[in-house]
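Look for chain A in each of the two complexes below; its partner is chain B in the first and chain C in the second.
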Partner chain A sequence: MDTKKIKLPYGIPGHNLSEIEREIPANEPPAWPVNEDLKVVGKSVKRADAFAKVTGFAKYTSDIQLQGMLYGRMLRSGYPHAKIRSIDTSAAEKLDGVYAVHVFKNLVGMAQPQTDGNSSEYPDVKFAGQPVAGVAAITIEIAEEALKLIKVDYEYLPFVVDLEEAQRPEAPIVFKTNVEQEDSGGGGGGQRGLKTVGNVRGPSTSSFFGGPRGDLEKGFKDADIIVEHTYRTQVHTHCSLETHGVVVDWRPDDVTIYASTQNTNNVRHEFAEMFDLPKSKVRVITEFMGGGFGAKHSLGNFGVMAGYLSKKSGRPVSMMLDRKEEHISSGNRPNSIHYLKIGAKKDGSLTAIQQKSHGTAGVGLGAGVGRIAQVMYECPSFTTEQYDVFTHAGPGAAWRAPGNVQGAFGLEQAIDELAEKLNMDPLAFRDVIDKSEVRKVERRQGAEKFDWSRRKKPGSDPGVVKKGFGVAQSTWPRFVNLNSTVEIRAYKDGAIEVRSGVQDIGTGTKTVLAQVVAEELGMKADDITVRIGDTLFPTGPGSGGSIVTGSITPPARNAAYQLKLQLFDQVAEKLETEPSKLSVADGFIVSKEDNTKKIAIKDALKEMRTEQVTTTASRSDDYGGFKMGSFLAHDDLGSVQFAEVSVDTETGFVKVDKIVAAHSCGRPLNIKQIESQINGGVIQGVSYALYEYRVMDNETGHQMNGNLDQYKLPCSMEIPEIEPIIIEDYAGRSSTDAYGIGEPANIATAVAVANAVYNAIGVRIYELPITPDKVLKALNKT
Partner chain B sequence: MNKFSWFEAKTVDEALEQVNATVSEVLTTKAPDQPAVFKSGGIDLLDLMKEGLVEPQKVINIKNIPGLDTISYIQKSGLKLGANVTLAQMEANTDIKEHYKALHQAVAHAGTPQLRNMASLGGNLAQRTRCWYFRSLDHQCLRKGSGTCFARNGENEFHAVIKNGSCSSVHASSVATALLAFGASVEIAGPNGKQRTVPMQDFFVSPGDDSSKECILESNELITAVIVPPVSSKTKSFYIKQGARESYDWAIADVAVVLQMSGRNCKNAVVALGAAAPVPIVSDAASAALKGKEITEQSAEESAEASMKGATPLSKNAYKVPLFKAIVKRAILQTT
Partner chain C sequence: MMEKVKSSDIKFCRFLRVKNPYGTLEGGENALYLLDDANSICWCIKSTGGAGPDNGLVDPPTCVSGRTCFEQPVN
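Coming up: the complex of A and B.
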C-alpha cells in the first residue's frame, strides 16, 4: 500500500497540544487542524432529522404499514421453569382472522447448552416470559385471542431467581451442561470455554487488556492502608421509548425486514443464517430508531418468529413487543455482587487490587463487572475473578458500557474511601494514581465549574436535609469496527448523497456524517443528503461500544476526499491550473494561488461525464496501528463527573441537584449532539443511582414491576441540572480522529452520586439503587 | 383487550338500569357472565382491561351525564363536587385552593396533568389498588378471591404498615386522604331513585372485613357527588405526599392534616394517612395528640410518633414508619 507522512494535531488544546507525524495511506486526506480552525466540524450543527422527528413525519418500525400486513403476538410461559410435554395449536389455527401459527423449536438470545439434554421436542422453559409459540392475525386482538386457544401441557419444575440463592448447592439448576453464548455485536455473551458448576460459570480472569499482573500478596503486604468491601448493584431493565420489534415482509424472491435495531448488518446476518438465505436476499431497514442502549443488536426470538409467520402466511408480519415483554424478555443490565480489596501506600500509590464478582444475566451470559478496575489506575498487582450465575430469569443484554457501570460503582467508592483514609482530597489522590492527561484536565476544569471547594467533611452539613458533593471518573476504550464503508454519490445537479448501512439510533450519526462530508467538500451540512440504515447500502458498524463515530466518519471523509480529487481533475484545465493547486471553500473550488480562479462545486458537477459519480471508502487501520487486534485503539475516553445531592435524613430520600460531566471523545464533531448524549447518559445514571430496579418475586419467579408505572424511570422533577464539559483530545489516529460518547456518559454518574451521598450523611451506602430504605437503615432510623 | 359494547348513558337512572356489576365483582368472578360496568374518566378501568384483569362485555359511559360535572361552594354549607368533576377541574378551582388547601395540594400532586384532565373524582375514589400482585395476571391474590397474599412475605416495600394482617395492599387514591381529613361524605345513587350519603371513613372497606372490594359500592350503585363540610377562617390544613418520584407517582406515604384553631391552640385536629393501611385512615392517636395543644415542634412530634404507634411493618417496608413520622410532623408544622 502506498503511504505518505503527514503531521496531525496531538494532545489537548490549552494543555499540551503539539503535532505528531504519522504514516498514512496515500489516498487519505491531509490532517484537519483543531476544531477552532474548521467550519462545520466541531460546531453545534442542527440535527439532520430534527424536523422529521418533531413533526411526526419520521416513520419508526412500529409505524410501518404494508399492504396485507398481519400482526404477530407471542405466547409466553407464565412459569419460570418447566418442561413442555405437548403443544396443541389446532384451535388457534382455526380462529377466523388467524393466518399462521408457529411453535418455537429453538430459541436465540440466551446461553446455549453445549450438549443437548432435552428430552422434549420443545425447548425447556427457563424463565417466566420465555416465548413458546406465536400467531399472526389480521388484528392484534385476534392474535391475542388465538394465543389463549393454544394449549400447552407443562411439567412444572423448581426454579431459582435470586442471585445468592442460585449459588447454593441445593439450588435448582438452570443449565445442566456447559453453555456458550455468542456476543450479540454490542457486548453481552461471555468468555468462551469456561466451566459451569451448579449455576456458577467461571471465573473469567482476563480481558483483552490481559490477565492478572504482579504479586497480589506482596502488594497487600506493601500497603499502608487497605480498603475492602462488597458492593451490590441491581438488575436494570431496558426501557427504550420504542420497544423491540420488526416487520418481516417475506416475498418469493427476497425478504425485507424493518427493524428497530442498533445493528442492521447483524440482523441481516442472523436472519440469513437462521433461514438459510444468502445475504443478498435479505434487506434490513432502520430509517428511524426509537432508542437502544445495547439490547437491540440481534434479530431476537420475536424476529425469528416474525420470519416464520411471514414465510408461512405469505404476508408481511409486524411483531412489536409490548412493554411487559420488553421488561421480562428483551435483555437487562445484570446485577452484581462485587468484592474489591485495594491497597495503597501513604503517598497514595496503589499497591494491589483484588476483584471478585458474581452477577446474573438470568439465562444469559455477560454479568461481569468490566475492565475498569483493571485499567483505570496505575497499580502493579491486579487479579480478577468474575462469575456468571444462572437464574430462571430473562436474559441479560449489553447495556451502555456493559459491566463497567457496575464495576465503577465499586471501584470509585473504594478510591473515595482510600482518599479519605489517606487524608487526601479525592481529586488530589487521583492526580497521584491516574496517569491520564485528559482526566487531569477534566478534574481541573470540572472542579472549577462545579466549585469543588464547597465540599466539606462528610456528614458535617447541619440540618435535616444535608448537602453532599462527590466525584467519580471512568474510562472507556476507543473501539473501532473496520466493517465500516461509506459511499458518496455526486449528481450532475449538484446534489451530494452519503450512503451507508449504519443506523442512527438517535445519537446523531446522520448529522455527523453530513458535517464531515460538508467540511471536506467546502459545503454546508444542509447541502448533504444522508441515507443510512439500509443494508442495500455499504455495510456499516453496529451501534455498540460507542464505536460508530470513530468507525464511520473517517471513511466518510475519505470518500468525500476522493470525490473532491475527481472534481479537481475535472476542472483543473478549465481553471488553467493543476489539480494539486486547487482547494475548496464556501461551495467553490478555488485555486490556492489565485483566488479569482474558481468554480462553484455545483457547476463543476455539471461538467461530469456521467450523470452520477460514486466514490467509496472503508475504514482503514488506525494511523500508527491498533493497541490490539483490529478493534482496540490506543488511548482511552476519559470522564470525570461531579455530583451535588441533597439527602433528607428524616425521609431517606435523595435528590440529585447537579451533575457536572467532563468528557472526552477525541475530536468532538457536534457539540450540541455530544451534550445531548451526555445529558442522556447522566439521566440514565441518576436513574440507576436512585430509581430503577427490577422487582423480582422469589416465590413465583415473576418480575412484579414490568411496566412503566411501577418500574420507576426519572421524570422531569427527578432530573438534575447537568453541565457538560467537552475536552478536545487529539491523538491523530484517523482522518477525523473522532470517537463516540454514548457509553462513557453513563459510567461515572451513579457512583459520583453515591460518593456525594456519603459526603452528605457520613455513612457509605454499598448498594444500588440508593432508595430511602437504605438511607434510613444506614442512619439507624429503621 | 377484549371486545365490548358501549353504552352512552344520558341520565343516572339510565346508567343504573344498564349496570350489573362493579369492577371488583368482575375481578372476583362474582359478576354475571356478561358484565356491564361503569366508566367515567376510564383511567383505572382501561388499565385493568389492558392488563386483561377485567373483561367487561359492556362499558357504560357515565362521563357525559349532565349535572355530574359541577363544583359548587357555599360558605355555610361547604363544597359539593360532582362525581364526574375531573381532578384538573378541582385543581383549577379557586374556592378549593382558598378554603381547602390540603385537598388542593392532594389533587395537584395526583398523577400527571394529562391524567388529571381525564380522571374523575368518583373514579378516583372507586379505583382499585396498585399492589403489583393484584395487578398481575399471574398472581391470583387474596383480593381476587384466593386465600393468598403474596405481598405478605414477598415484595412489600410499598405496602401497608398498619392493619396489614390480611391484605397489605394500599388504596391508590391520595385525594381520598385529604377528603377524609376534611370529613367529606360520598353521595351514592341506587335503584328506584334511592340515595344514600356515606361518610368517607365508612365508604372504604378494610380487607379484614371483605377482601374482595375496597369500597362499599354495590353493583347497582353509582357515586353522584362528594360533599365536603364547610370550613372557617380558623381551619388550617396541609397535605404532603411522598412517592418514589416527585413527578408522577403514587404515594408511598401521604398525610393530610386539618386543624380547627382557637387562638394559638388547636381545638380539634384530624390527621389522615394514606398508603399506611389498606384504606385511607384517620389516626385517632395522632389527632388526639394535637387536641387542645399549641402547635409546636414538640406537639407535632408527639402527634407524628402517635401516628405510627402499633405499626407492624413487613419485611421490606420498615422505612415507611420513620417516613410517615417525618411527613406527619412536617404537615402539622406547615398548616396555615
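Coming up: the complex of A and C.
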C-alpha cells in the first residue's frame, strides 16, 4: 500500500496540544486542524432528522404498515422451570382471523437433551416468560385470544431466581451437567472452558486486557492502608422508548425485515443462517430507531418467530414486544455481588487490588463486573475472579458498558474511601494514582464548574436535609470496527448522498455523517442527504461499544475526499489551473492562487459526464497501528462526573440536584448531540443509582414489577441539572479522529451519586439502588 | 477486522454467537475471539437463546464438535 506522512493535531487544546507525524494511506486526506478552525465539524449542527421526528413523519418499526400485514404475539411460559410434555394448537389454528401458528421445537438434528434423558421435542422452560409458541392474526386482539386457546402440558420443576440462593449446593440446577464440568477444552484459540459447579461457573481471571499481575500478598503487605468491602448492584432491565420488534415480509423471491435493531448487518446474517437463505435474499431496514442499550444486536426469538409466521402465512407479520415482555425477556444488565480489597501506601500509590464477583445473567452468561478495576489506575498487583451464576430468570444482555458500571460502583467508592483514610481530597488522590492526561483536565475543569470547594467533611452538613458532593470517574477503550463502509453518490442535479448500512439508534449518526462529508466538500450539512440503516447499502458497524463514530466517519470523510479529487480533475482546465491547486469553500471549488477563479460545486456536478459519480471507502487501520488486534485504538475515553445530592435524613429520600459531567471522545463532531448523549447517560445513571430495580418473586419466579408503574424510571422532577464539559482530545488515529460517547456517559454516574450520598450523611451505602429504606437503615433509623 | 487472539484448528458451531463487551459480534461470518468470557453474552441462533437445542448452556468451549447439536461452519 502506498503511504505518505502527514502531521496531525495531538493532545488537548489549552493543555498539551502539539502535532504528531503519522504514516497514512496515500489516498486519504490531509489532516484536519482542531475544531476551532473547522466550519461544520465540531459545531452544534441541527439533527438531520429533527423535522421528521418532531412532526411524526419518522416511521419506526412499530409504525410500519404493509398490505395484508398480520400481527404476531407469542405465548410465554408462566412457569420458570418446566418440561413440556405436549402442545396442542388445534383450537388456535381454527380461530377466525388466525393465519399461522408456530411452536418452538429445539431438538433439531441429532441434538440429545442435556437433562435427565427424558426427551421432549420442545425446549425445556428455563424462565418465566420464555416463548413457547406464536400466532399471527389479523389483529393483535385475535392473536392474543388465539394464544389462550393453545394448550401446553407442563411438568413443573423446582427453580431458583435469587443470586445467592442459586449458589447453594442444593439449589435447583439451571444447566445440568453429568459431573462437575471442568476445562471443557477451550477451543478456537480462546480461553479455556471454565469450571461449572452447580449453577456457578468460573472464575474468569483474565481477558484480552491481560490476567493477574504482580504479587498480591506482597502488595497488601506493603500497604499502609487497606480498604475492603462488598458492593451489590441490581438487575437493570431494558427500557428504551421503542421495544424490541420486527416486521418480516417474506415474499417468494426475498425477505424484507423492518427491525428495531442496533445491528442491521447482524440481523440479516442471523436470519439468513436461521432460514438457510443467501444473505442477498434478506434485506434489513432500520430507518428510524427508538433506542437500544445493547440488547438489540440479534434477531431474537421474536424475529425468528415472525420469520416462521410470515413464511407460513405468506403475509407480512409485525411482532413488537409489549413493555412486560421487554422487562422479562429482552435482555438486562446483570446484578453483582462484588468484593474488592485495595491497598495503598501513605503517599497514595496503590499496592494491590483483589477483586471477586458473582452475578447472574439468568439463563446465560455475561454477568462479570468488567475490567475497570484492572485498567484505570496504576497498581502493580491485581487479581480478579468473576463468576457467572445461573438462575431461572430472564437473560442478561450486553448492556451499556457491560460489567463496567457494576465494577465502577465498587472501585470508585473504594478509591473514595482510601482517599479519606489517607486524609486526602478525593480529587487530589486521583491526581496521584491516575496517569490519564484527559481525566486530569476533566478533574480540573469539572471541579471549577462544579465548585468542588463546597464539599465539606462527610456528614457535617447541618439540618435534616443534608447536602453532599461526590466524584467518580471512568475509562472506556477506543474500539473500532473495520467492517465499516460508506458510499457517496454525487448527482448531476447537485445532490450529494451518503449511503451505509449503519443504523442511527437515536444518537445522531445521520447528522455527523452529513457534517463530515459537508466539511470535506466545503458545503453545509443541510446540503448532504444521508441514507442509512438499510442492508442494500454497504455494510456498517453495529451500534455497540461506542464504536460507530470512530468506525464510520473516517470512511465517510475519505469517500468525500475521493469525490472532491474527481471534481477537481473535472474543473481544473475550465478554471485554468492544476487540480492540486484547487480547494473547496462555502459551496465553491476555488483556485488557491486566484480566488476569482471558482465554480459552484453544484455547477461542477452538472458538468459530470455521467448522471452520477460514486465513491466508496472502508475504514482503514488506525494511523500508527492499533494497541491490540485490529480493533483497539490507543488512548482511552476518559470521563469524570461530579454529583451534588440532597438527602432527607428523616425520610431517606435522595434527590440528585446536579451532575457536572466531563467527557472526552477524541474530536467532538457535534457538540449538541454529544451533550444530548451525556444527558441521556447521566439520567440513566441517576435512574440506576436511585430507582430502577427488577424485583423477582422467589415463590413464583416472576418479575413483580414488569411495567413502568412499579419499575420506576425518573420523571422530569427527578432529573438533575446536568452540565456537560466536552474535552477535545486528539490522538491522530484516523481522518476524523472522532469516537463515540454512548458508554462513557453512563459509567461513573451512579457511583458519583453514591459518593455524594456518603458525603451528605457520613455513612456509606454499598448497595444499589439507594432507596430510602437503605438510607434510613444506614442511619439506624429503621 | 479483528485478529484472532490465538489460532486453533478447533471449529465452533455455525450457530454460536457471542456479543463481546467491546461492541462487536463474534461467530458466524466473524471469527471467535473470546476476548472476555466474564462479560460476553452467548446465544445459539438456532434455539434463539442462552440454552442450546440440547437444553445445555451455550458456551464457546462446549459449542464444538462432539456436542450432539453441533453443526459444522459453512466454510
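The rule is simple: the second predicted complex is superposed on the first by the 753 of 782 C-alpha atoms of A that agree within 3 Å, B and C clash if a C-alpha of one lies under 4 Å from a C-alpha of the other, contacts with A are read in each partner's own complex, and residues count from 1 in each chain.
Here is the rule we use: contacts are C-beta pairs under 8 Å (C-beta built on N, C-alpha and C of every residue); 3 or more make two chains touch, one makes a residue touch a chain.
Note that the structure is predicted; figures quoted are calculated from it, not measured.
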| After superposition on the shared chain, which partner residues are touched by A:G78: those of chain B (first), chain C (second), both, or neither? | first
| Where does A:G370 make contact in the superposed view: on chain B (first), on chain C (second), on both, or on neither? | second
| Regarding the shared-chain residue A:E718, is it in contact with chain B (first), chain C (second), both, or neither? | first
| request: Mind working out whether A:E692 is in touch with chain B, chain C, both or neither, as first, second, both or neither? | output: neither
| query | In the superposed arrangement, does A:T782 touch chain B (first), chain C (second), both or neither? | reply | first
| request: Report for A:I547: first if it touches chain B alone, second if chain C alone, otherwise both or neither. | output: second
| message | After the superposition on A, what does A:D729 contact: first (chain B), second (chain C), both or neither? | response | neither
| task | Decide which partner touches more residues of chain A, taking chain B and chain C as the two options. | result | C
| Of the partners chain B and chain C, which touch A:E442 in the superposed model: first, second, both, neither? | neither
| said: Taking the stated contact definition, name every residue in chain A that is touched by chain B in one complex and by chain C in the other, in rising order. | reply: none
| chain B-facing residues of chain A, complex | 78, 128, 141, 648, 650-653, 655, 691, 695-700, 702, 704-705, 709-710, 712, 714-718, 771-773, 776-777, 781-782
| remark: Touching chain A in the complex, chain C uses residues 1-8, 10-12, 14-15, 17, 19-25, 28-29, 32-43, 45-62, 64, 68-69, 71
| message | If we count contacts the way the header does, which residues on chain A are in touch with chain C in the complex? | response | 104, 106-115, 123-124, 126, 130, 175-177, 181, 184-194, 196, 201-202, 204, 207-208, 263, 266, 269-270, 273-274, 294, 297-301, 304, 331, 361-371, 386-388, 390, 395-398, 401-404, 477, 479, 481-483, 541-542, 544-547, 629-632
| message | For a test of understanding, state which residues of chain B touch chain A in their complex under the given definition. | response | 1-3, 130, 132-133, 135-139, 150, 153-155, 157, 242, 244-249, 252, 316-319, 321-323, 325-327
